[in-house]
Each structure stands twice: as structure tokens, then as C-alpha cells.
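Shared between the two complexes below is subunit A, which has subunit B as its partner in the first and subunit C in the second.
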Partner chain A sequence: MKGLLIISGLGVLAMLAEIFKFKKLLLPMVLLGIVAAYAFNFMEWTNEYSISYFSNMISFDKIGIAFSGIIIATAFFWFILANDYFEEDTNVVDHFALVLFALVGALMLTAFTNMTTLFLGIEIMSIPLYVLAASQKKDLRSNEAGFKYLIMGSFASGFLLFGIALVYGASGSFDLEKIREYIALNSSGMPMFFYVGVIMIMIAMCFKVSAAPFHFWAPDVYQGSPTLITALMSTVVKTAAFAAFLRLFMVGFAGVSEVWTGILAGIIALSLVVSNFSAAMQTNVKRMLAYSSISHAAFMLMVVLANIRSNISVDAILYYSLAYSIGSIAAFGVLYNVTRKNTESIEAFNGLGKRNPLLAFCMTVAMLSLAGIPVTSGFFAKYFVFTTMIGTHYKWLLILAVITSAIGAYYYLKVVIAMYYKKPIHEEAVVIERSNVLVITLTTVIVIVIGIVPGLVSEMFKF
Partner chain B sequence: MINGISINYYLLLSTVLFIIGAIGVMARRNSIIIFMCIELMLNAVNLLLVSFSTLHGDASGQVFVFFIMAVAAAEVAVGLAILSMIYRNVKSIDTDLLSNLKN
Partner chain C sequence: MLTALLIGFPLLGALIVFFVKGNAARNFALGLSVLEFVLSLVAFAMYKNNPACTQLSFNHTWVQSLGINFSVGLNGISLLLVLLTTFLVPLIILSSYKNEYENPSSFYGLILIMQMALVGVFAANDGFLFYVFWELALIPIYFICLLWGGEGRSRITFKFFVYTLAGSLFMLVGLIYVYNHTNVEGLKSWAVQDMYNAGKSLTADQQGVVFWLIFIAFAVKMPVFPFHTWQPDTYVNAPTQGTMLLSGIMLKMGTFGVMKWLLPIVPLGLERWGNTAICISVIGVVYASCIAIVQKDFKRLIAYSSIAHVGLISAGIFSTTQQGLQGAVMQMLAHGVNVVGLFLIADILLRHTGTREIDKLGGIRGMNGNFAVLFLIVLLGSVALPLTNGFVGEFLLINGLYQYSAIAAAFAGLSVILGAVYMLRSYQGIMLGERKDNHLTFGSLAATDKAVLIIICSVIIAFGVYPKPLNEMAEEGVKILLSNIK
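And then the complex of A and B:
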């Protein structure tokens, strides 16, 4: 909770920076603040019980704190990566404030206990991102991305709200625990519209995490937005949306799992097939990563599908989020530096192995991790997800997942092949800033370390 | 029952409004009309929440409506800003012109 408050404070501070003229100091202050937020968040980890705030609207339990930790850590790396993005822009402070407020929304989503905070968290996270996606005013593609994101986001919010209203109509409460009790008490006599409400909430959440067939906005938005904003969307936003999804369906609607598991299994299967086949056909790397994020969404949804309320599934989704976020930060960091003066097509990577060996190596590790090849953390992430799925009825999904992962390896390796075996278009070396080198190397090291010693993260939970 | 009218009618009315809004978002090409349709969807939800709130005799549903109104206003403010930016670039608010993002 203190982490959330600190980051809200930082957001307000960022808005004051223009008036009181400390723009230059803002980045160090924000980085310090984020470290402080992480520290406070970590201190709350040792609490044996969870304290709820605002008459049980929000409550940071261990799961919430762990997800908040991942989000804050990713945001820290992101801010270092984005330092020159902020310098280039004229309205620096507004960008800082928007990103920080989006983070506040993300943190709310990790710890909500009430439908009100779920809705507010989603909106506080999304509205700044609509602005950020459209932040390149003269670029029509960025405008289009922002507009599409806004329309699809509000459309999904409409579904979410209608679902919440129906669930409220049946149970008479917005509180997750009360809804859970209601389901337990009335397991046979619930009105039809309650089930409709649950399905509508699920569809809205699938929009937010961009799972097929509700994914069509994601490639356009990811491609059109500035690269660093895309990085933010595919790490922080994704993690937060999954934390929300997990809490909603493990705490709130676990009792009516027979209604939603079948539909969710269909969504996962479709996402796996659509994303991997479409990604294999892309030539734009940003678009390819968008489809790759859809396939990762499908993997994380599998944990929700397994519906085991135990530490195994929390561990699995937590490890997956961490591996995916950190790997994505590395990949997008390289992509940002390579495509800065270049096209976004895969040819931009040609010959990177000679032009900048370190960058090429980091990109290789990131790609291998996203593809789920051993020694990198992506392998164990997939492995943990599969272990949660073993005991369920959906073994066919497991087989489908393995097959589509094999197709997935093709497009990730396409980038690696371009880097090492293709002749470069421009011969000159790729020069990047020292801070970016630091972030990319550090994230790559983390990807390898938690791949070699997965127990560092996966055994954090002892309930 | 609220004032002698069964809750099902309220449910039916808001569902119809919601569906009209949803179809409007998908079918219309004018951006302003799309925003109006999104508002219609959200107001259908408001109506539903208020009627359920009266049915249960519980104020929290009505408080939720305030949140929805505030958030909808914020969303439309951002949306119109983006729209005016687009208008400056292409001199139109037709969504058919927004198809520059493809592989």
C-alpha cells in the first residue's frame, strides 16, 4: 500500500515539476521514489496478515505484494531505458505523470478486493495509456493507435461494467469475498443473469489481456505506439491485467468454474493457434512481438484455467510474469535502439551480430527466453504452467501448447538468424547510450539467472 | 419488484440499450457517433445498477454509478482530444481513413 501511495505522490510531484522548474531533477527523483516504493513494498511482505484499506476496497496480501514487486521492478528498468525518450519530448513532465499514474492503476489491480477498485484500477491504468499511445501528435499512425486503443478499451469497459452490474444484481454486493460466499450458499438457485455477468466480465478481461478472438486491436496498437510505450504495455499492463484476472477468477468466481472453464479453454486454444501462425507471417518486429504477447497471454490464462487455489498456480503465474516482463524489457530495449533511425522491419536486425555483438547477444537471449528454450527463464515459465495443467481435464490444450510453441520458435529464431547470418544494410556500428546498455545487460543477466536457479522466484510462496 | 414493475423489465430495457450501443460501436464509421454509442452502453449499465440498487435497498450500486459517470467523462475528454488531433492531420473524422497500420 505504501508503494502505491509513494508512486501516486511521485505522479503529483511530476506535474509540479514544470511550475517549480525542477525538470532536470525529475528522472533521478522518480527513480529514487520507485526504489523507495519497492523497499516499502518489500517490507510489507513480512506481514503475516494482509491489511485492508478504505473499508475493504483494497487489500495487499502476499500475492498482491509479489505482483506489485514485479510491476515496480519492471517500471524501474523501463524508466532507465526511457530516459532519453523523455529528453527528446517537449512536454516531459506530462509524460512522467501519465506513466506514473498508469503504474498506480496497475498496482491497484494487483490488490483489489472490490469490483469498484477493479474498475477504477483498470481505468486509471488505461486512460493515461490511451494518451501515451497517441503521444506523437504529427504521426498519424500513433494517432490511429491511440484512437483504436481508446475505442476498444472503452468498449471492453462497457462489457466489464455490464457484467459487474449483473453480478451485483444477483449477489447484492461488489465485494469479492461476499460474491464468493453468495456462490457457496446458493450454488443451485442463482439467476441466469449471474452466469451471463460472469461470462461478460471474462470477455472484458480477455479484451484487456488481448486473448483471441478479442485480440484484433493489439497488433495495431503495439505497432503504432512509440516503441517504449509498447514496451510498457506489454510488460506492466500485461502483468497487472493478469494479476486482476487471477484474483477475480480464483477468489471471486472459483465456485462457478463449470460455467467459464469451457469458454476459457476455447479462448486459450484459439489464442495459441491464431497468435503463433500470424506471428510467423509478420515482417514488422513490433507487430511480431504483439502477436507473441498474445501467445504468452494464452499461456498465463492456462494457469487461471487450471483453477487450483494453491501456491503452485500463483508461483507459476508469478514466475511467468517475471520471466516475460524482464525478457520483454530486454527485447524492446534492443528493438528501440536498433529501429531508432531505421525501419521496424526485421531487416533492421540484419548483421547486428557484427555491428554490435553485445546487443545481438542480449537480443538472442531475450528471443530464446520468449521462445521457451532451456537455460533461459522462459523455459521454466512454460514448465511451471504445464505442471499446473497436468491434473486437469484439458490435457489436449497442453499438447496444442507444445505444438504451437514449436511454431513460435520459428519466428523468434528468424530474428536471431537475421542478426548473425544476414548481410547488414548499413555497415556502421549501432551506438547506444550507456544507461541503455546497462538496462539491457542487466535484464539479460536476470533472464539467465532465474533460468538457471528458478527456485529463487518459484519458491517464494510458502502459504 | 420496484414500484410494481418487475426487475425483468429494467433488465430488458438496459440490455436492449446496451446492445444498441454495442452494435453502433461496431457498425458506425463516424467517430463522434462511436463515442455516443459508448456513452449509451455505459448509461445502460448505470440504469441497471440503479435499478438493482433500489431492488436490494443498498446504496453501493448508486455510488458505483457516480464512479462510472466520472470515468466516462474522463474517457470522452481524452477521446475528443485524440480525435481533434486526428482531424488536424487528415481533416476528417471518418474511421475508414484510419487503416495505416498493417503488416
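And then the complex of A and C:
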């Protein structure tokens, strides 16, 4: 909880920076603040019980704290990576504030216990992102991205509100625990509109995690937004949306699982097929990563699906989020630096193996991790998903996941092949800033280290 | 501890080689791989030929909560394959001395990493560890083929990678399924013996499914018909050293995997599907031999002959007879040595004459008699003439297969005849007769090539005349294996 408050405070501070003229100091202050938030967040880990705040509107238990930890750590790396993004722009402080507020929303989503906090969290997280997506004012695609994101996002929020209202109508409460009790007591005779509400909430959440067939906004928004904002969306936002998804369906609606598991299985199957086949067709790397993020969303949803009767899956989804976020930060870091003066098509990567061997190596590791090859963290992530899924009835989904993973290797390796095999368009070396080198190598090292010693993370999440 | 050292040493070597600039890298790599060979000889000397199954084992916890251990050890079969690996890698490195590769430090570093993974696959006693090494072996060979391969390599290496990865993932699912049924005092375990027990506790239907999940990975890697389509293109387009690694050692990962990680886990599945596996293996033997006969490119011809040989090995393994399995082990060793020799010869031909097309060559015997003799010895080893190393294995294989089914043995026996046909025909076309192209010249062999060929030829003859030490070791290993299957 203290972490959440600190980051809110930082957001307010960022808005004051313009007036009191300490713009230069802002980045170090934000970084320090994030470290502090992480530390406070971590200190709450030792709590044996969860403390709830604001008349039980929000409550940080261990799952919430662990997800917050992942989000804050990713944000830390992101801010270092993004230091010059803030310099280039005229409205520096606005951007700082917007990103920080999006973070606040994300943290709320990890720990909500009430439908109102869920809705608030989603809106606080999304609205800054609508603006940030369109933040390259003179770029047509960026404008399109912002507009599309806003329309589709509002649409999803509408679904969410409808769903919440229907669930409230049946159960008479916004509180997750109360809803859970209501389901337990009335397992035979709940009104039809309760189920409709649950499904509507699920659809809204699928919009947010961009699972097919609610994924149509994702490729355009990912491609149009500034690369760094795309990085933020595919790491922080995704993790937060999953934390929310997990909590909603693990705590709230686990009792009516027979209603939504079938639909969820269909959504997952569709996401796996659509994303991997579409990604294989892409020539724009950002667009490809957008489709790849849909496929990873499907993998994480599989854990939710398997979650009903197993206890390993919280570890699985946490490990998956961490592995995916860190790997994505490395990949987007390289992408950002490579495409800065270049096209975003895969040709930008041609000959990177010669033009900057370190960057090419890090990108290779990131791609192998996203493809799930040992000894990267992506492999263990996939392994955890496979182990949780094999105990369920959805073995056909597992086989589908295996086949689509092999297709996945195809498009991730396309980048690797371009880097080492294709002749570069420009011969000159790719020079990047020290801070970016630091982030990219550090995240690469983390990808390998938690890939070799997954116990570091997975044992931590034993409850 | 020694086994762990055998795995760790090449990795250390690779890290050194990565930082050595220029051609010094290959000298380093050669020296380090020779040291590794010496290490494996020490292991061979320390190994006691007695029925106590795993020796020189080393165990360290990796991920405790998941029951994953870094557990390695050697038995008769795996020690022989480790020896094969450590023996071939220095030869492969030595054979590259006449090829100038860009970025030699990466090239040789990757070869050493590959060696680490291969030794790891053969030594792993933990299902998870086995899978990790299995996948790890794919990465360096992928880069070797991609970065130093021939025309059209990006498409071909793709196919290779995706094909093998898909197979491996199915195997992972199969292994996890078995792992989920292990129960050691309430905990799950990846240890090989626990996996065997868990696999046997499954019903026949479940075992049948697991059989296919795991078998596909091995079938792709070997490759047996109809999972072989990646192989000829990849072999032809990979750099010679890559092809040697693929065919000489990596192919044995598949056959070894069947022995250790398939047969003892699903004996009932084997009962049901063993027939099918033998059937497709034997079809592969005949099919690949027939295609090999009409090949024009010598390297492609060897690639198809390799499919034929491995088909026979696979059929022998699935016969699950003492002779069949023992023959498979012997043939794995012999094939590894011979095929490296053959691919080197193909490379020498290309370097000296600029072509590997059998039709364009001819009359080379007249220009270089030494080369003709060395080529002939390797070739005879490959067609399994008595007193060469290929004979023992092939004889035992067909013998074992005959005990299983006379018809299968008859068809598999065709491979001996067809093998002689395509091999001798290619020798005739390349070495004998008239020169077809008057500009064709063939100078004397480079010292390194000569050295490699002489070593290979002496091994072919030595173990053809006196196969006893290897054979005894294989026999012990196979006995333990059979006791695990029954």
C-alpha cells in the first residue's frame, strides 16, 4: 500500500515540476521514488495477513504484493530506458505524470477487493495511456493509435460497467468476498443475468489483455504508439490486467467456473491460432511483437483456466509475468534503439550482429526467451504452464499450444536471422547511450539467471 | 564428479575460445577438445565393467520444489557415446583447418558448446536435465548452419529448427505427463528411475499416447521416415563441420533417447506400437537407399545413406532383443566415425575440384593414390565389410531383427545390398575410370585432412578386427536396459 501512495505522490510531484522549475531533477527523483516504493512494497511481504484499506476497498495480500513488485521493477527499468524520451519532448512533465498515474492504476489492479476499485484502477490506468499512445502529435499513426485505443477501451469499460451492474443486481454487493459468498449460498438458483454479468466482465477483461477475438485494437495501437509507450503497454499494463483477471476469477467467480471455463478455453484457442499465424506474416517488428503479446496472453490465460483446482498456478502466472515483462523490456529496448533513425520493418535489424554485437546478442536472448528455449526464463515460464495444464481436462488446448509454440519460434527467429545473416542497409555501427546499454544487458542477464535458477523466483511465491 | 567435469569443461573452453581473436581460436579449441578426450579416457579407465548400473555419478539439487536435480552419471551405453563425442569433436575441429571461416572464435566456441550439450544429453539422469540439454544442443547447431552454411540456408535452417522444436515440445509434454505420475514419498521426481516406475504404472492406453508424444521428438532427430524431410537439405547446406556434428553425433541423440527415455518408460506402449515403429524404420531404410542410388551430389548421397543407416539402427532398437540393441550401440559408434570420414571426403572433393557432382568427377585415383586408398577404407567401413567396424553392428542388428521378425530382417537386409550399390557406384564414378573433365586436377592432400582420414581409417580397421572391449561394454549396458524394460 505504501508503494501505491509513494507513486501517487510522485505523480503529483511531477506535475509541480513545471511550476517550481526542477524539471532536470525529475528523473532522478522519480527513480529514487520508485526504488523507495519497491522497498516499502517488499517490506509488506513479511506481513502474515493482508491489511485492507478504505473500508475494505483495497487489500494487499502476498499475490498483490508480488505482482506489484513485478510492475514496479519493470517500471524502474522502463524509466531508465525512457530517459531521453522525456528529453526530446516539450511537455516533459505531463508525460512523467501520465506514466506515473498509469502505474498507480496498475498497482490498484493488483490489489482490488471491490468492483469499484477494479473499475477505478482500470480507468486510472487506461486514460493516461490513451493520451500517451497519441503523444506523437504530428504522426498520423500515433493519432490513429490513440483514437482507436480510446474508442475500443471505452467500449470495454462499458462492458465492464454493465457486467458489474448485473452482478450487483443479483448479489447486492460490489465486494468480491461477498459475491463469492453469494455464489456459495445460492449455487442452484441464481438469476440468468448474473451469469450474463460474469461473461460481460470476462469480455471486458479480455479486451484489456487483448485476447482474440477482442484483440483487433492491439496491432494498430502497438504499431502506432511511440515504441517506449508500446513497451509500457505490453509489460506493465499486461501484468496488471492479468493480476486483475486472476483475482476476479480466482476469488470472485471461481464458484461458477462451469459457466466461463468453456468460453475461456475457446478464447484461448482462438488467441493462440490467430496471434501466431498473424505474427508469422508480419514484416513490422512492433506489429509482430503485438501479435506475440496476444499469444503470451493466451498462455497466461491458460493458467487462469487451470487454476480452478490447482495451487501451483499462482507461481506459474507470476513467473510467467516476470519472465515475459523482463524479456519484453530487453526486446523493446533493442527495438527502440535500432529503429530510432530507421524503419520499423524487420530490415532495420539487418546486419545488427556486425553493427552492434552486444545489442544483437541481447536481442537474440530476448527472442529465444519469448520463444521459450532453455536456458532462458521463457522456457521455465512455458514449462510451468505445461505442468499446470496437463492436470486439467483441456489437454487438446495443450497440444494446440505446443503446435503454435513451434510456429512462434519461426517469427522470433526471423529477427535473429536478419541480425546475423542479412546484409545491412546502413553499414555504420549502432551507437546507443550508456544507460540504455545498462538496462538492456541487465534485463538480459536477469532473463538468463532466472532461467538457470528459477528457484529464485518460483520458491519465493510459495504460499 | 568426473561426469560433471566432462560437461563443464567444454563450456569453460567455449568461454575461453569466444575471447580468442583470429585463427588462434581453432588451435585453442583443438587443444581443449583433445584435453576433453583425455578426460573421457580417464572416465573410461575408471569405469568398472560390472552390472551396477550408473557410475561416476554426480548429484546436485537444482530446483528443489519441482524435484529437479542436476544429476548425471554414466552407464555402458552412455559412456560409449560420450567417448564417441569426445573422440569426434577434435577430429571435426582438425578437419576445418583448410576452411577459412569468418569469425572463427564464434564458430569454434559454438562447436564446444554443442559438445557440452551432447555430453549432457548422454549423461543426464534426470528427465528435466535431459530435456534442457536436448534443447540446448539445438541452439549452437542452428547458428552454425545459419551463419556459415551454403545457399538458401535461412529457409532450410528454419525448417530444421521448427521441425525439431515441434518434436521436442511434444516430448516435453510427454515427459511432464509421466513426471506428474511420479510419487516418491508424496513428492514428484524427475529422476530417471522414478520416471521408469511412474511410466510403468500407467495404463496401456496412456502409455500408447506417451509413446507417440516422446517418440516424435526422437524420430525427427534421427530422422526416421516420414519425419526425415528436413534432413537432406540441412545436411547439404550446413558447413561441413556442422554436417559432421549433425550426422556423427547429434543423430545419436535420437537413438540414444529411444533407448534410455522411451523404451523403459512405456513398455506397454512399446508392445502396442513397437511394430509400427519397426515398420516405418524399415520403410525408411529401403526408401532412403533407393533415393541415394540416384543422387548426383555426393554429399546428398551420404545424407540419404545416413537415413538408411539410422533406420536400421532404429529398427534394431525397437526389436528389443539383446542382439538388436547391442548391434544398435555398435552401429551408432561405427556410423558416427564413418560418416564423419565420408563428409570430410565430400569436403575434400569440393575443395580440390570445385564440385561434388559424381558425373563431373572421375579418374582421381590416378592423380592421388593415397586419397583413393583412404576413401576406399572409409567406404568399406560404411558398407560394413567384415573386418571393418561397421560389420559387427550391422550383423548384430540384422540378427536381432531376425529374432523379432524374419520379414523385417529381410527388408532391412536389403540395406546392405543397396548400400553396397550406391557406395561402390559413387566410388567408381568419382575415383575410377577416365577423367571426364580435362581441366580437373587433384593435388596432394593437406596434412590435417590426411591426419584426420588416417585416424578414422585406423579406427575403422582396429575396431573391425578387435571390437571386443566396446562390445563387452555395450553388452553390459544393454543387459541393464533390458532388465529395465521387462
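Here is the rule we go by: the second predicted complex is superposed on the first by the 459 of 463 C-alpha atoms of A that agree within 3 Å, B and C clash if a C-alpha of one lies under 4 Å from a C-alpha of the other, contacts with A are read in each partner's own complex, and residues count from 1 in each chain.
Everything that follows uses one rule, which is that a contact is a pair of C-beta atoms (placed from the backbone, for glycine too) under 8 Å apart; a residue touches a chain by one contact, two chains touch by 3 or more.
Since the structure is predicted, the reported quantities are computational estimates derived from the model, not experimental observations.
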| item | value |
| --- | --- |
| When subunit B and subunit C are modelled together on subunit A, clash or fit | fit |
| Partner chain(s) touched by A:A134 [first = subunit B, second = subunit C, both, neither] | first |
| Touching partner for A:I417 - first (subunit B), second (subunit C), both, neither | second |
| First (subunit B), second (subunit C), both or neither touched by A:V449 | neither |
| Touched partner set for A:S405, first subunit B, second subunit C, both or neither | second |
| Which of subunit B and subunit C A:Y383 touches, first, second, both or neither | second |
| Contacts of A:V12 with subunit B and subunit C, given as first, second, both or neither | neither |
| Spatial angle subunit C-subunit A-subunit B, Cα centroids [nearest 10 degrees] | 140 |
| Contacts of A:L166 with subunit B and subunit C, given as first, second, both or neither | first |
| Which superposed partner A:G146 touches (first subunit B, second subunit C, both, neither) | first |
| Contact breadth on subunit A, by residue count: subunit C or subunit B | B |
| CA minimum distance (subunit B, subunit C), superposed complexes, angstrom | 22 |
| Shared subunit A surface residues [contacts with subunit B and with subunit C] | none |
| Complex interface listing, subunit A residues touching subunit B | 115-116, 119-120, 123, 127, 130-131, 134, 137-138, 140-141, 143-148, 150-151, 154-155, 157-158, 161-162, 164-166, 168-169, 172-174, 193, 219-220, 223-224, 281-284, 287 |
| Complex interface listing, subunit A residues touching subunit C | 368, 373-375, 379, 383, 386-387, 390-391, 398-399, 402-403, 405-407, 409-410, 413, 416-417, 420-421, 453-455, 458-459, 462 |
| In the complex, subunit C residues that touch subunit A | 62-66, 131-132, 135-136, 138-139, 143, 146-147, 153-154, 157-158, 161-162, 165-166, 169-170, 172-173, 176-177, 179-180 |
| Residue ranges of subunit B touching subunit A (in the complex, touch as defined) | 7, 11, 14, 18, 21-22, 25, 31, 34, 38, 41-42, 44-45, 48-49, 52, 55-56, 58, 60-61, 63-64, 67-68, 71, 74-75, 78-79, 81-83, 85-86, 89-90, 95, 98-103 |
